[in-house]
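Shared between the two complexes below is chain A, which has chain B as its partner in the first and chain C in the second.
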Partner chain A sequence: MHVPDGFLGPQTYLPAYGVAAAAWTFGLRRLRARLDAATLPRLAVVTATAFVLMMITVPLPGGTTVHVAGIGMLAVLFGVWNAFLSLSLVFLLQALMFGDGGVTALPVNALAMGLVGSLAAVGAHRLLRPVNRDAALFAAGWAGTVASATLMAGVLGLQPLLSRAPDGSPLFFPFGWKTTLPAVVLPHLAVGVADGVLALLAGRCLAPRPATAAPPPGPEAP
Partner chain B sequence: MRDRALLLLYLGAIVAATFVHDPARLAAALAAVLLASGRRAPRVLARASRAAAPFAAAVSLGWLAASWWEQRPAGAALLRLNLRVLLMTSLTFALAARLDLQRALGFSRTLRFALVLTVSQVLTFRRLHADFRLALLSRSPRRVSTAASLRHGAAAGAWFLRRAEHDAAEIAQALDARGFFLDRR
Partner chain C sequence: MRAALLPAILALLAAPVAATAHGLDHTVAGDRAVVVTLTYADGAPFSFESCEVTPPAGDAPTQVGRTDRRGRVVFLADRPGDWRVRVVAQDGHGADLTVPVGADLLPSGERAAGPTRPVKLVTGVSVLFGIFGVVTLLMSRRKP
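Coming up: the complex of A and B.
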């Protein structure tokens, strides 16, 4: 879902950096204030897991593939701000080490998937938890993915309105909302199901526990 | 210091690339990046093309089809878009070989620590993911079916979750045993 470099204009990514910088500062201060022996290693390892889960592609009919993002999983396990920091770190590493995503797209990706996606996931989880714990976990994964895809489609569709050449041709991403909303959001309604299953699995087997507990045995390879 | 300066230079170049809209200048900048990469230029270009291709090709083909349908020229916009994407991705790969990210982001101890832990886990998990994919291919005499791909993805995903649980507990205990958190309490 995340956008590479070159598709977002400075009218979008410069203000987005301003908002994201404020959010990163707040999140880092919050993390440092609550840092203990369990939090940071767990956050780092689950960040790496989110990174590798994004590499596992799910085949779709027609030859295309999609991948889960783990937004709901991170938000439910670590809360909104830690999930935001964790996903921002994933996007930074993907952009600088592997050329996936990009530095100009980083704040938009981080805000859409890390912050808005996490807020939607935690909101859905809190709303449904009193009714059914499993349904709440699944809804968190689904809502996180769909909310961030909707925001991303909105930002992409804004580009032709913000920057055009004198001849009227688009300077960055060329399609408007009429194209981006169905093209981005509809497939993510299905991807959200995979993310919902992931959040459900993770919520059951990765619930935070004290750092003094013995580590569980390593798993066997699939 | 060198890494931080390199990162700032890269960020400046990336931002500058979004303010240039003339395809000739974008092409000249791309040529300059490749020249500066020296013998690594073909590799940088190949990696950048591979990384940018999926999204750029989907957008370009869509725009080409829409332009053909509406009978308007698409060449200049497509050339500008693809040259810019290729320039920015090439800049990233040209930098990646020279930059020590942990040193460049060393202004925050917490951030550097999280980065070291995360990168070490990412590199391990990436290798394991590639191993699992190769194992699936080697035990499949024919092209891997969609159902087999789905089963493999689910099994690998569940494996990584269990492995994450194991590694997080192990790292936390190792850090605690070495007194990492003592100076923070």
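Coming up: the complex of A and C.
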């Protein structure tokens, strides 16, 4: 789902950089104000896990490959903004160091998967949590992946409408929504199941335990 | 009667000429081509996906088609410079590559595949932990 350079026109990535810059600034301020030193190591481990999982690709019939992204896992454990920043960091690393995903496409990748995906995951989790905790965790993982894929398909399919050469040929990504929506979203309906299981496992095993009551103060040691 | 026969004979004589005008000549020759091979991260070939090749400073592609079964784009450069090779799959996978071609009309310097997946994993995880470690240190200094 990482869009490479050359697929999105400046009409898309320049406004996306503006929106993403505002979101990154807001997220960083929130991180500085709220994140404590005890949460950071956990966030580091789960972010690294998401990075590793993104590199494990699974081939699908038809020749394409897919991978889980851990969007729901990060969003459920650490909230929307921490998940957005962590995933943005992963995408930046992948784009700059390995060429996985483009630098021009970075804000779209970050907004679609990091922000919208996390919002969808947390929304699904909050909606279903009163009904069933496990179902809510699974739905968070699934919704995060499917929402990201849908937005990405929408952005890709928009490109032929935005930029065309004088002869009418698309300048950037050439396929419209009729092609991108099924091609991108359908495989991710299945990937969402894997991301749902991942979020379920993470939510059950990695969520911080509720703080226990402090013991009554005893006599101080001499 | 004779007047009608003459055009008919001329038409018959011209018929083979008209038939060969629809024929297609061909030649077969070996040549040295630029070969760009594309694979997914797991090594699977990027097969039968759309591709186009655009010459240096060219506005329009000179070759449009699909990658072959092994995920290759093969083209014959007719001028040196930076050729653009764009491959696109319907699901958003793809690449927009610049292929430098030298005066001998062959790629100037072969480009090897990027770092292997284990190298990427170790490097990426190390960098991530490094960044989070620095942030933890900064936070611990800020909030004693």
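Quick notes on this structure:
Just so it is clear, the second predicted complex is superposed on the first by the 201 of 222 C-alpha atoms of A that agree within 3 Å, B and C clash if a C-alpha of one lies under 4 Å from a C-alpha of the other, contacts with A are read in each partner's own complex, and residues count from 1 in each chain.
By definition in this document, a contact is a pair of C-beta atoms (placed from the backbone, for glycine too) under 8 Å apart; a residue touches a chain by one contact, two chains touch by 3 or more.
None of the values given here were measured: they were computed from a predicted structure.
Superposition model on chain A: chain B and chain C are shown in a clashing arrangement.
Legend: residue contacts after superposition of the two complexes on their common chain; A:173 is shown touching both chain B and chain C.
Of the two partner chains placed by the overlay, only chain B lies in contact with A:103; chain C stays clear of it. Applying the stated contact rule after C-alpha superposition, one finds that A:68 touches chain B and leaves chain C untouched.
In the superposition on chain A, A:161 makes contact with neither chain B nor chain C. Of the two partner chains placed by superposition, only chain B is touched by A:201; chain C is not. Greater residue coverage of chain A by touch, when chain B is weighed against chain C, goes to B.
By the touch criterion stated above, A:93 is placed in contact with chain B and with chain C alike.
In the superposed model, A:28 lies in contact with chain B only, and not with chain C.
Within the superposed three-chain model, A:51 lies in touch with chain B and with chain C [touch as defined at top]. Contacts of A:184 after superposition on the shared chain: chain C is touched, whereas chain B is not.
Overlaid on A, the two complexes show chain B and chain C touching the same residues of chain A, namely 3-7, 35-37, 40-41, 43-44, 47-48, 51-52, 55, 57, 59, 89, 93, 97-100, 165, 167, 173-175, 179. Across the complex, chain A is touched by residues 40-42, 44, 46-50, 59-60, 86, 88-96, 114-115, 117, 120-121, 123-125, 127-129, 131-133, 135-136, 139-140, 143 of chain C.
Contacts from chain B toward chain A in the complex involve residues 10-11, 14-15, 17-19, 21, 47-48, 51-52, 55-56, 59, 62-63, 66, 73, 76-77, 80-81, 84-85, 87-89, 92-93, 95-96, 99, 101, 108, 110-111, 113-115, 117-119, 121-122, 124-126, 128-129, 131-132, 135, 146, 149-150, 152-153, 155-173, 175-176, 180-181, 184.
Within the complex, the chain A residues that touch chain B are 3-7, 9-10, 13, 28, 31-32, 35-38, 40-49, 51-53, 55-59, 68, 85, 89, 93, 95-100, 102-104, 165, 167, 169-175, 179, 198, 201-202, 205-206, 209, 211-222.
Interface residues of chain A, counted against chain C in their complex, comprise 1, 3-7, 35-37, 40-41, 43-44, 47-48, 51-52, 55, 57, 59, 63-65, 89-90, 93-94, 97-100, 152-153, 156, 165, 167, 173-175, 179-180, 183-184, 187.
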